[in-house]
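Here the chain labels run A, B, C and D in written order, and each chain numbers its own residues starting at 1.
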Amino acid sequence: MTTSLERRNALYGNDLACYERMVEIREFEKITNALFAAGSIRGTTHLAVGQEALALGMATTLKPTDVIAGTYRSHALALAFGLTPHSVLGEIMGKATGCCGGVGGSMHMCDTSVGVLPTSAIIGGGMPIAAGAALAFQVQKSKNISVALFGDGATNIGAFHESLNLAAIWKLPIVFICDNNVYGEYSRINTTTPIEDLHIRAESYAMPHMAIDGMDIHAVRKGIGEAVDRARSGGGPTLVEAKTYRFSGHSRADQALYRPEGELEKWQKRDPLLVTEQDLIARKLITQDQIDQMKSTMEADLGALAKKVESDPEPELSAMFSNIWTPAKAGK
Amino acid sequence: MTAMRVRQAIVAALADEMRADENVIFFGEDVAEAEGPFKTSEGILEEFGPVRVRDTPISEMGFTGAAVGAAMMGLKPVVEIMFIEFLGVALDQVVTEGAKMRYLSNGTLSVPMTIRASVGSGLGFGCQHSQTLEHWFASTPGLKVLMPSDAQSAYSLLRAAIQDPDPVIVLEPRILYAERGEVDTSKVTKIGKASMRATGSDITIVALGHMVNIAEAAIKAAGVSADLVDLQTIIPWDRETVLASVKKTGRLIVVEEAPQSGGWGSEIVATVTAQLFSSLKSAPFRITTPDVPVPFNGGLEARFAPTSDDVARQIKHALSQSGAPQPWWVAEGVAK
Amino acid sequence: MTTSLERRNALYGNDLACYERMVEIREFEKITNALFAAGSIRGTTHLAVGQEALALGMATTLKPTDVIAGTYRSHALALAFGLTPHSVLGEIMGKATGCCGGVGGSMHMCDTSVGVLPTSAIIGGGMPIAAGAALAFQVQKSKNISVALFGDGATNIGAFHESLNLAAIWKLPIVFICDNNVYGEYSRINTTTPIEDLHIRAESYAMPHMAIDGMDIHAVRKGIGEAVDRARSGGGPTLVEAKTYRFSGHSRADQALYRPEGELEKWQKRDPLLVTEQDLIARKLITQDQIDQMKSTMEADLGALAKKVESDPEPELSAMFSNIWTPAKAGK
Amino acid sequence: MTAMRVRQAIVAALADEMRADENVIFFGEDVAEAEGPFKTSEGILEEFGPVRVRDTPISEMGFTGAAVGAAMMGLKPVVEIMFIEFLGVALDQVVTEGAKMRYLSNGTLSVPMTIRASVGSGLGFGCQHSQTLEHWFASTPGLKVLMPSDAQSAYSLLRAAIQDPDPVIVLEPRILYAERGEVDTSKVTKIGKASMRATGSDITIVALGHMVNIAEAAIKAAGVSADLVDLQTIIPWDRETVLASVKKTGRLIVVEEAPQSGGWGSEIVATVTAQLFSSLKSAPFRITTPDVPVPFNGGLEARFAPTSDDVARQIKHALSQSGAPQPWWVAEGVAK
């Protein structure tokens, strides 16, 4: 069995492996969507289609010992950082084999072996936590850094403001990454936020900031790399705004009919898979045939996995009572 | 009487109040253009327009506080909090500002605002989106907290909340949104008044929200004659009705979707015990959820909130023995 | 008996009256401090020495029908906006004659007849409320506007961020006024905030902003006047940063020993009373003798008032149970 | 044994833990340079330096959440919340994030953080700075909540809190900061264990924080023989000790500084009633504050929290009659 760490390590310096992981994410989300439609997944699920380049760019710029606090929309993050499709799908389906033993669900990915802190389903909720992890690294004189990943909509919540200010005043080793995918639920960002370039909010904290093309893994690595280097070398925090697009609806059955005409089509030309394919083909690392082959293999493999996961064991009743408190420590 | 789903009853109540009083305005995340993540504002923007019906940024502190301020200036804002947990970033505005403005203005200002929030487990939303959290508002003089149990009470309580001159929180069991029921749109509930879902002689069951439906099924399953009190208002709760019922039956069970420790049911049990000690035939007790986060897995979540089977078991116990029964997780040896 | 509204109206177009009110505030705070030291005041109290020009500038730029949400440091605000020294001191001393009937205390000033909303003792707490009042005015098509008054320290709390964003996106008729008096409790602003000019935070909301000299009533009127005009004419919110200085300690017995040497002395040259005196003398509206006379009369009058208030009635026990809820409205 | 003020005991506990474990760090508003608004960190910055001891911006959400994150990475952060009300802007980080991280990490992470917050009435801080607010944390599996009643428990509970691997909130009655007591610095309390302040036979009095002192005075004034249980940990509370005591005495009064509706005392009464129904000699009841905001005026505030006179009156009632007595505001006809 491949571990999360092995899957993560396989990505470094291997653009083909990164592309394959992007294909994995894309096909995984198709299956997630289908399983949801078929009633095999409870609750809600937020697809990360469009997040692939950002996720892989982060995964290969950060070390496995760095940590990241993400959101309810973290399937791409989880898979890119190393979690196996089995443990991610297991969690989404509430199985004992899931990364949280099936008690968390689609919104709660976690695997500390590759630095994925429990993702929060509260907007902005993970940001102070990421700042706190960075504080720990600073106090411990560790070279690890912390990342807070959040959406465009999250830049309007108080926790965003407080976290950035705190990180700036304490010069914490952290990178704030805003995945600006243009929408927060059913609202286009311009209806809730009076500025277009969200990264300029860093000025309020005298914090370096930049926008990057979140659809191109090279651009992601370059931008985030700069921020990571700054953080790791004691230069403090950076706010990075990755310009991306949410190709799916917000969650579940959302058809995203509120999108202005032509917008999706425009962004589809920047689909991270497409962008990467063009790059790899140009670099002669892959052919169109191999791409097609890879996709259909992946589809088949994940389809088979989904079948397998469906018959995975459910958590025991006792799981409901576990991992809540440790017993109180005995005193004198 | 009209047949409606609970969420349609909510839309109807809001629309009727907005028609009756132009001071009523409505805002929240994705409630206008998208008509609400749970479709609890279908047609509201269309009928009342973008001045009175607004989408907000993701800023619960900001917009909940804005409702407090707008209410102080004479509007009657209704805000939607998509999941009750989101008030965790904004509780200050509800408990420490909104509820205290009448007091801190020496009675010259009131805060006729309504907060609607979806609550509860059962739909696979996981531990950060499935609690009921009534206790966040407990012990807050100045607030009123309501919870409907069906389409009729969803309609009647929301209208009462909007008409009320104080801040009112309506906790809506999310699991009921799609349920249907008959609604008489001439009925506006009196806040603070419980409603009798069933009447009987052997035992009093007090419940709130969806647990009223669970208790109703349990009473049928147990085949007993019981008063089923649907509290409807949890703060301030209807002492009179509950005390009168227990005086009659001599027995009390509270069924609640809140963890065993610190839920609102203890308030009912403690008050009844203090007032009616010598009339009690057996130990009054609570049937609650265990002290655990709400699990995502379907099988586990099905056991989280009280089930009608388990409530029936405990009702039978109460009628045959004077001591309280064990919760299922103790009875089944799963946990302590 | 003079009403709050009469006291407020007496200020418009009358710079001498404004100066006298500034003297009143200054002398009032001296007495507050003395009463506190003597044990006649319970709890805590936050002196507004240094806030006089800002308070009077706001009071004479806003109309009595406009509203303002202030903080625990609001004695100057209250007196400038019209509340009588009797009702302010009554409240500080917990008397039935206080503006809140004695149940609020020093941190909670309120008088709706002159637009003073209950001041909040929670940092940032009044800001969303002020935005809400502005929302009401917008919906009601009223020409009134709303003001949020808060300290420099408050610009680091989430409510600040959310309130400004909300006001910007809804173009609310509101002016955000930051009283940057250099300190938040015992912390100099530069130890908690990585920027010097706090008003630039408005850029995050595409909101107009400015710094003003908060020690000069004319500068205050000019700056705030512009913002008020914008708000009243539908142009939306403004963030105004008034540069002031907290001449007292944070509260009660704080001696403010943490101030860098010479700082206080530097600011004392910009003492708002001094600045106004120089202006009025230059404009031949007052002489030094008249100033001295005014101060000693004020000191004597307020001293006499304090004696009177000390023997004012305490609230009845029933006051403890009042103004909490209205009885629930009867339904059908 | 050393004589100390409560606030010195707090400093001592923090310093002892910081000496023992370099992972312990401390931050909050004005706790470093200024040594705490209540002087509860005198000398801490000086001894442990600016890396481990920090002043924060006014950002309760930010720095409380930072403590959660730092704890997850192996530090043991202690944060000071100056007045408990300020968590109203940050409850999310405590209840919805911090308390659930062990669960959401499938047990791979723990959150050994401590939140210290001052609470309570009596000092003229007004209604936004005088509450106890235990109920904000009620029903939150994963959290532990403690409250000291004197210098010794302030010391021993804080050390236990810092050592504990879960998020712990220590609610410190502000009114006790200046009180003196003897402290044995070798004592670390077991979390979840109550302490007996007095033992007797006729009645069990359960109290928390400063109310333990009030109850102690009341027991003397009433001249009765009573068990006085100082809960010390309110979440999770010591059922065993309380049940054993009531089994012995047959009578229970809970004295609490929380409004009548929704306070933690109802939990104790309800649990005892359910478990020991047939052993009870008279109605168990609560002595609470009225359902009102904390008034500023000194005369009123002196009546807000239970007084020893009033507790004595109610103890005597409990020993002579089976029904519960009326609260003073009803007995005196001031309110209903």
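One rule holds in what follows: a residue touches a chain if its C-beta (ideal position, glycine included) is under 8 Å from a C-beta of that chain, and two chains touch if they have at least 3 such contacts.
Here the structure is a predicted model, which is why all the values come from computation and not from measurement.
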Selected interface, A-B versus B-C, where C-beta contact pairs are more numerous: B-C
Longest centre-to-centre distance from subunit D, chain (CA-based): A
Interchain centroid distance [CA atoms averaged], subunit A/subunit D, Å: 40
Subunit B-subunit D separation of Cα centroids, rounded to whole Å: 29
Chain centre separation (subunit A, subunit B; CA means) in Å: 35
Multi-chain contact residues (two or more partners), subunit B: 56-57, 59, 61-62, 85, 88-89, 92, 96, 100, 103-104, 127-128, 141-142, 236, 291-293
Multi-partner residues of subunit C (each touching 2 or more other chains): 100, 103-104, 108, 120, 122, 125, 156-159, 162, 165, 169, 191-193, 324
Of subunit B, residues touching subunit A in the complex: 29-30, 33-34, 37, 55-62, 85-86, 88-89, 123-129, 290-293, 295-300, 303-304, 329, 332, 334-335
Residues of subunit B touching subunit D in the complex: 61, 85, 88-92, 95-96, 100, 103-104, 127-128, 133, 135-136, 138-142, 235-237, 258-259, 261-267, 269-271, 273-275, 277-278, 280, 282-286, 291-293, 322-324
Subunit A-touching residues of subunit C, taken from the complex the two chains share: 156-162, 165, 168-169, 191-195, 200-201, 203-207
Of all residues in subunit C, those that touch subunit D in their complex: 42-44, 94-95, 100, 102-108, 120-125, 153-154, 156-159, 184-187, 191-193, 258, 314-315, 317-321, 324
Of subunit A, residues touching subunit D in the complex: 67, 69, 99-101, 103-104, 108, 110, 112, 117-118, 120, 122, 125-140, 146, 158-159, 162-163, 165-166, 169-170, 322-326, 328-332
